[in-house]
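Here come two complexes built around chain A, the first alongside chain B, the second alongside chain C.
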Partner chain A sequence: MITGGLDLGAGVVKGVLLEDGRRILATTSAPSRGVPVQVARHVLEELGETANIAPSDVDYLCTTGFGRYTIPERNLQVSDFTSSARGAVFLFPKTRLVVDVGTQASRTMSVSPTGKVLKFKMNEKCAAGAGRFVERCSKYLQVPLEEMGPKALASEHPKLISSVCAVLAETEIINNVAEGVALPDILMGVFLSLSQRAFSLMRYVGIQPEVTLVGGLVRNVGMVKALHDTVGMDVNVAPDAYYAAALGAAILGHSRALKLAQAPQGIGG
Partner chain B sequence: MSVVAGVDIGSTTAKCVVLGEDSQVLGKSLSVVGVDIVKDAERALEAAIADAHLSRSDVSFITGTGYGRYKIYFGQLVVTEISCHARGASFLFPGTRVVVDIGGQDTKAIRINEKGEVVDFAMNDKCAAGTGRFLDVCANALGYDVGEIGALSLQARRAVKVTSTCTVFAESEVTSYVSRGKDPKDILAGLHASIANRTLSLMQRVGVEPEVTFTGGVSQNEGMVQALRRRLGAPVNVSPLSQYLGALGAALHGRERIVAGGAS
Partner chain C sequence: MPELLQIRPQAESLPEDETFLSVDISPDFREFTQAESVEKLVRLAQEILADPTFPTARAWRKAGGKAVGCFPVYTPQELVHSFGMLPVAMQGGGENLEISRADAALGSFLCSISKSTLEMALTGLLDPFDAFVFPYICDVSRNLDGIFARVLPKKPSHMLHLPQNFASPATIPFLVAEYRSLIEKLERVAGRPFSQEDLRASIAVFNEQRALVERLAALKRETPWKVTLVEYYLLLRLGGLLPREVHVPLLRRALAELEGRERKSKDAIRVIVIGPFCEQPTLELLQLLEDVGCYVVGEEFQMLHRWCPRIEPGTNPLESLATSYVRTPVDIGVRSTPTTKAAAVLERVDASRAQGVVFLTAKFCEPALEDVVLYRRALEGRGLPYLHMEFEEKSTTYEQARLQLETFVESILFD
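Take a look at the complex of A and B:
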């Protein structure tokens, strides 16, 4: 059975095709550019092409994320907490704490060995600690997003940011640039600031190993190092953790489809 | 008696006021603050003295205030901006009981007594929401200059409700309304109403009591004055000098210091 998982996030749409709830056939993503539904269609097409599967061969489609209700052809939708947690546990079965830093929200949840969410905390009110802050820094520091992490690793004396607010931090960072603080130190300061915001959410739900980072910033080596240093323990990262929510949605879609298939006719839809 | 000056170094602009013998404003200056605050303070003072057609030696006492007050190296006195705004507001509008100061980077509500002394205050300096910076960012997102958005907001037909508190998210919210074809004037009205709401809740922490005097850079925005007035359901004092009230209050504090010194 082939199930699809679509994660319609605030900044990026991510998709996963999964075979029998176990094998990842394809993953892809695209910026939502304010038209997430259209982008989601493209993402689905691209997944099909990569896996060489016709759209009609996808048996069950499960959506998640901010825009999960906007796709009419979905069979199921699940919250981003549920899907991220399930995806994280699939990638790292010993995960007990999931940190998900997205474009517009950051969340953390403690999870059971089966990937069920036990407790969670989220910040969606404020851009401090969210990916949008990093995007803005990339713009005004004129460092492409993908270069920020590697450049930050050269930092010897990270320049900590005292402002919590992303907008006020911007002024502070610009002042630091004017005062001649080295770029790697400024960049590492940005990631440490994000890590500290994540850390306070993590403390709320309780910190226990293993910690798995998922979502938009997982590919950023600067963020991974900063989080590791802030939390004081290893943090699991994997390339596919970028797609954790979409992956989790595909897994949950698979379990639901199995249940439906086993249920007697006429019950459960 | 002699000429005194007050210098207010804010997060965004530097203001200076030069006061004559009878506390009449002889000269003033307003300039943007850059990275070199020490120099900016010096320049603000020089500009106001030039505006008064005086020279530096004519000024007998200089008081500094504002966020950057500790970078003013030439004055005789330093006073917090909270007591300066209180003093300045009370001078211009003696009936003032609550001062609302919306600056570039923070917002304050100050309750004062009939002598212009601070009784209580509340402030937001943690986050750009509800400050001049919020308006700046949103004006840019709409392609306007921050100086023109107040008047435009008054031409709105139906305000669009802006739900984001965070400046960064409000910016994306504004952009999404534009792409949905909303009238920028209606969006601007919504933004002003949103700041008025935040301001009122700050004011409620110190107690809302007439008269209310609006100071700081954002008080020059007519749309904001109207939005605040509407939200309060009461008049709001504003003057063309509102943006200079911190500097004016500083100069007045200096004058009192001279008088007290002379008496002893």
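Take a look at the complex of A and C:
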């Protein structure tokens, strides 16, 4: 059985094709560019091409993310928390705490061994705790996003940001630049600032190993180091954790499709 | 005295039909008494809530009556009613009221209802009222009374002190004394003396209303698919806005329709909602609760009708009224009962067979937030899932709320 998971996030659309709920057939992503539905269709096509299957071969499609209701051909939609938790436990079965720093929001959730969300918390109405803040810093500091992490690793004296508001934090960064603070120290300060906000969410749901980072910033080595230093324990990171929400959606889709297949009326009945 | 104010039940219990409404009431209320369906009532209720000028109080005044604005959560409405005046629940300005003046007078860290209530006072929206009652349920409500005395000096405003020691033998005499202090002001506003007989008759009206409200709550608890949360809430909300003699038959008819409804139950989880006992969540938020798959089988909406199942007036109705407040089984955030909170929340969960609890607390509502800590500990001890969300009167986006509610429901639904 082939199930698809689509994560229609605020900044990026990610997709996963899964076989029998266990084997990842294909993963891909694309910036949502303000037209997430269009991009999602393109992502689905690309997944099919990579896995060499036709769209009709996808038995069940489950969506997640901000745009989870926008795809009419979906079979089911689930929240980002639910999907990210399943994805994280699939990748790291001993995961008990999941951290997801997305474009618009940061989320943490404690999870059961099966990936069920036990307790969760997200930041509210605040860009300072989300990936958008990193994007804005990238723009202002004129450091491409993908270079921010490696450059931050050279930091010797990270310059912490005290402001809890993204706009004021930017002002603080401008002051740091004017005062001649080294670029790596400013960059690491940005990641530590994000980590500390995530840390307060993590404390709410309860910190226990293993901790797994998922979502957009999983590829950022600066963020991974900052989170590790802030939490004081190892943080699981894997390339596929970037797709954790889409992966979790595909897993939940598989489990739901199985249940429906066992029901007398079958899938869609 | 206008005929409207002479509505009085002659018996302890109101008759099953509407014959006791023999006087010609205002045409504005006739629309409610003649509403042919719950759907129509819901529409009328929505119109009333969208209008911050208190149309029911205005209609009552137009007919020659006097109206008293009652801030949540508890006012002895029977007392106000016994003077022939209309007690009207003042539960904030809702999502349509723009706050401009009150923001300048109150701190940004205060609840929305305090600001919208003051805004309404400053902009003339409370003109239909002849007096106000502010029960001392929190520091904000206490200070609103003082502010009202300054900004509306011609309209009496009364702060009703409520006891917090429910075990002392002095508690009931204390509350009776507080009632007497309120009565002095009500006598001046109404222009007539207090009468035990009138109070006894008023208690009978409110007993009838309470019985019907409890019947509606039981319907929602046992067969939540028969009445939507918005319908349920609006039917309760009307009870604090309309003359009770209008609300009682209206609710009786609505119940007959709802109890007879044939609807299929959904694959939803049973939850109780704790927290919105004072400031009111938006209808959109209530709708969202059901949209994501929650059946709300217990809640704290419109507590003004629900302090006790019934009051026996006895020989001293004033003392009976005080006893009903002191001995109420209701345990919400504005009553200081820290040692029994944990047991109370678990009892409520058991009684409603709830699978989880949603704490829906108004932003900056200290009484509600303080209790959440006690409740959470009790629920965690039992392994019961809960979700805590905050709301404000003016909410425009529900994406975060939806996300949290969906996750909560999914965490219970999926293995």
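As a working rule, the second predicted complex is superposed on the first by the 265 of 269 C-alpha atoms of A that agree within 3 Å, B and C clash if a C-alpha of one lies under 4 Å from a C-alpha of the other, contacts with A are read in each partner's own complex, and residues count from 1 in each chain.
Rule of thumb we're sticking to: a contact is a pair of C-beta atoms (placed from the backbone, for glycine too) under 8 Å apart; a residue touches a chain by one contact, two chains touch by 3 or more.
The structure presented is a predicted model; accordingly, all values stated were derived computationally and were not measured.
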{"item": "Combined model on chain A where chain B meets chain C, clash or fit", "value": "clash"}
{"item": "Partner chain in contact with A:Met202 - chain B first, chain C second, else both or neither", "value": "neither"}
{"item": "Partner chain in contact with A:Ser79 - chain B first, chain C second, else both or neither", "value": "second"}
{"item": "Contacts of A:Ala226 with chain B and chain C, given as first, second, both or neither", "value": "neither"}
{"item": "Partner chain in contact with A:Arg132 - chain B first, chain C second, else both or neither", "value": "first"}
{"item": "Contacts of A:Lys116 with chain B and chain C, given as first, second, both or neither", "value": "second"}
{"item": "Which of chain B and chain C A:Val214 touches, first, second, both or neither", "value": "neither"}
{"item": "Chain B versus chain C as contact partner of A:Ile173, first or second or both or neither", "value": "neither"}
{"item": "When the two complexes are fitted on chain A, the stretch of chain B hitting chain C, from 22-30, 202-210, 238-246 or 256-264", "value": "202-210"}
{"item": "Residues of chain A contacting chain B in one complex and chain C in the other", "value": "125"}
{"item": "Residue ranges of chain A in contact with chain C within the complex", "value": "66, 78-82, 105, 109, 114, 116-118, 120, 122, 124-125, 252, 255"}
{"item": "Chain C - residues contacting chain A, complex", "value": "385, 399-400, 403-404, 406-407, 410-411, 414-415"}
{"item": "Chain A residues touching chain B - in the complex, by the definition given at the top", "value": "34, 104, 125-127, 132-133, 136, 164-168, 171, 175, 178-179"}
{"item": "Residues on chain B engaged by chain A in the complex (per definition of touch)", "value": "11, 35, 105, 126-129, 133-134, 137, 165-169, 172, 175-176, 179"}
